[in-house]
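What follows is a pair of complexes built around subunit A, which joins subunit B in one and subunit C in the other.
So, the complex of A and B:
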């Protein structure tokens, strides 16, 4: 059974302005997947649909085999969620928030809760609204992890934290839980975090899945081709080449990303477009993100 | 500069809605004033003694809520804090913006009330002298009260850019607003110079606060991090310190910890009182409380925005939506119902020995007077002839609900001119049986209470009919029968409208559209409320007869259903269960986004 499966998911907030336009992807048990995309690409919407907080207008969503809108309690008891927003009840004390979670989750692990409390040094008597952003995020993470969820959904969990806090936060959550087989989907704008922690990346662009690939394969099977403008090639011709994912115009050359190994891309450009002077190279995740997300029409 | 600060103040963000609610409330009060005045004129009295108090109440209840809300708003945005502006300037700009908002509300309220009086042809006589008369007489007092309330509420932690809110603020707001209301009620109808007192206090408080303000406003403590320290680690190391409070209590704290939502709750109980017959009992007037039903429907809607704003805080938790729905509507419904029940009980306790049956000389014949709720309904508009066993027959007195409707109320105990003493005694016997459920023989009544007069008619032996005095244990039968039916009328339509509004919190409906539909809903509900008053003023609708109509129906239903009142309560519960389940189902599918995202999505 797949832990999380999206099949042709559509969602709009206003009629005619789709945020998600047929997203499909699956997460198997124990996978750690980084969800990438520009602001407004639909990452948060997709995660909220998985939580059952939003409804997919078309398509199907299954979390641990359940539809999160029809079986919200069964899903939420097995899923941990940390939002990019501070969404803990702000009038409660930290101890009360933890108590609330402890009573709502049957599999609450008090030893893990204590371990995380000690690790984070969370002030139990403070009200949530008086906590700093980092402290509130730590409380949210404690609440999301202490019932040892089968699926952990992290929506920009480390946004706004300093590098040390970010690393501590992600390593705690992702490594600690992934060791026990928890599936983790996290969205992030930090490519270094994704490269260090994720085994697979899913990139959303324009409401669709642009890339869904194991991180190891990403660099082997993707190439950045720099095609000089004086070769006389247009964007449309480049996009028509098989395996071309996106083209971005720079001052002296077209930057085209191919779902092909560099050597194969080079050969294809020469054979199909007659371009001999193109330079093809493997591409780092951040470069690929910029080329694809920035280069799409 | 100050103009720009006033224009960009947060007070204007939901101002139109508050303005509409206040004007609607004033219009409702104007209608009631006119109606009371018309009744007073018919009864040969000319003074509108209740008018000033009603105006004060009608304006102050929504204005007070608005002021309590205004006290929770930021005094300055973070951008303004970063500009070279003194804290005093920012605070005074916010004070000026709130005062301006209040002044506009008061001027429009005064204009509406004045137009109402002008439409009637003259000022309703409030008995004041001086430059301000009629409805304008209460405006200076209201302005003074509003100014004092604004200054006091804005003085709560004045050096912060936005006030920290909690039970202390709720207490301050409640005490301030209720104290000023009491003062306004006491001085309503008195010379306008009384407003100088509140204005002087407001001025003194303003000067004191202005002097205490720092050079620049501080960011409120809400965003400041708590210092990590030894205490923190000590707590973390204490596993035994685990809080063991029930989930429901923590959920209640999550939602009702919001002062804005908390401040709203007392008004549910107050409104329940207004729908009950308490006001009529206090004023010694006909009960027209059901006139206020439409606004109770809107009250149920008023909890939705605050609740939905908090929903993301628990939406990721395994808490059933039906639990959250119950948490949202049950306190509101319960307080409305409790207010109504308390009002009904209190009305029964006022003058418990009041005579329900009176025999008075009217147009040279003895008229048997009973409350409207003991009339009967003639659905076809033609009441049956009232024929005694010996054949004496008379027509019944009728009271139309509206000339536009066929059903009328008729008095089954009518004793018109020409009634014989025996007929009057027979009707009196029937009235006693119907109202008290007691039996008095016709002969006994004739001998004990009636005497023939010189014209061959009938008169009371001692000039009065002391039934209740002689039988203190007698209580009107079926007095509480209408309670379940009124609760259905009060809550059922409100739940249906709630279901409609909740269904808007779904994909494809923008925040803008939601607001538009909420405003349209408010206008329709206000329209229903005001239409009743307008029709009553044009003698096309009788609110007292309509209220009595509901009570008669309830009494009849309780009498005809197997199981009586218990069956009526059960039926009411079933009738409410349908709309409740419908609204709960809509709530189950509701999508709540954090505020920032909701704005972005729209």
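So, the complex of A and C:
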């Protein structure tokens, strides 16, 4: 059984705007998957559908085998969820918020709760509204993790945090991975965090899955080719080359992403288009993201 | 002659001899492998030295434990490290000086691959490329090339 499975998921909002137009992807137990995409690509919608907060209008969602709209309790007990926009009741004290969550989850692990509390150093008697953004996120994370969920859904969990708080968050996630092998789906705009944490990345674009790849493979078997405009090649001809995923126009050159190792892409460009002056290189995830997101027709 | 094995328990003094650069475009497991192989080939890590556990290294570097374990199993396959049941991973013994020399050669060969790719992309003939390499090698190291990740220069 897959931990999380989306099959051909569709979701539109009012006024006919499609957010998800047939998204399929699966997470196996223990996998850590980074969900990427530009603002409005549908990341939050997809995560909310997994949580049962939104319904898929077409297609199927299974969380640990359950339909989150039909078995909300079974799903919520085994899943942890943190989002950037999550709002904790601000008039309550930290201890009260934690107590509320403790009651909800039969599998609450008090030792883990204590451990995280000490690690974060959050005073129990502080009211939520007096906490910094980073502290509030840590409380949310503690509440999402202390029942040792089988699946963690994190929607921009580090959004708005300073680098130290982000690193702290990352380390806590890694600790949890080390201890329990929790499956994690997280959306993030911090590509460096994705490179550190994710084993696989799924990139949404225009409501569909544009990339679903092991991160290592994405880096080893993809290349950015810089093809000078002088070479006289058109966008259409580049896109027609096998393995070309996107082309972006820059001042002096086309930037084309290929699903090929750099050396292979270089050879192919030479052999098929007669381009000798192309530079092909592997690029960091951040560059890859910008090229792919900006290079779609 | 078998290279002398150091006293039991000696290991990578600090996992911070390894750094991860998420901007490099090189997969993290590759970065770990490359740096550990460099530490071994350059003699910083010797036969019998212990490597940190997957858990320790992943926590120290802030990377997914699966990534560390992927790097370790490839290093095992390449006979750089060996796993003994219930014990930490250790650097594999080499057959004395000759073995270490072989490791140095392997290390250099691998690190030259991107250079070779560059030479091909530039379309330079091999002879010319070799001339340049020779010239660089004979030049006094006033301005050391920024290739080897030696951190001792910082001290």
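Rule of thumb we're sticking to: the second predicted complex is superposed on the first by the 289 of 297 C-alpha atoms of A that agree within 3 Å, B and C clash if a C-alpha of one lies under 4 Å from a C-alpha of the other, contacts with A are read in each partner's own complex, and residues count from 1 in each chain.
FYI, contacts are C-beta pairs under 8 Å (C-beta built on N, C-alpha and C of every residue); 3 or more make two chains touch, one makes a residue touch a chain.
Please read these numbers as outputs of a predicted model, since none were measured by experiment.
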Contacts of A:230 with subunit B and subunit C, given as first, second, both or neither: neither
Subunit B versus subunit C, judged by how many residues of subunit A each one touches: B
First (subunit B), second (subunit C), both or neither touched by A:252: neither
Residues of subunit C that touch subunit A when the two form their complex: 20, 22-30, 55, 58-59, 61-67, 70, 117, 120-121, 123
Residue numbers on subunit A that touch subunit B, as the complex places them: 11-15, 44, 48, 51, 53-55, 57, 69, 72-73, 76-77, 79, 81, 83, 85, 87-93, 95-96, 98-105, 110, 114, 117-118, 120-126, 129-132, 134-135
Sites on subunit B touched by subunit A in the complex: 221-222, 224-226, 228, 231-233, 235-237, 239, 241-247, 250-251, 253-254, 257-258, 310, 312-321, 506-508, 510, 589, 591-594, 596-597, 601-602
Residues of subunit A touching subunit C in the complex: 30, 32, 167, 170-171, 174-175, 177-178, 191-192, 195-199, 215-216, 219-220, 262-263, 266, 276, 278-287
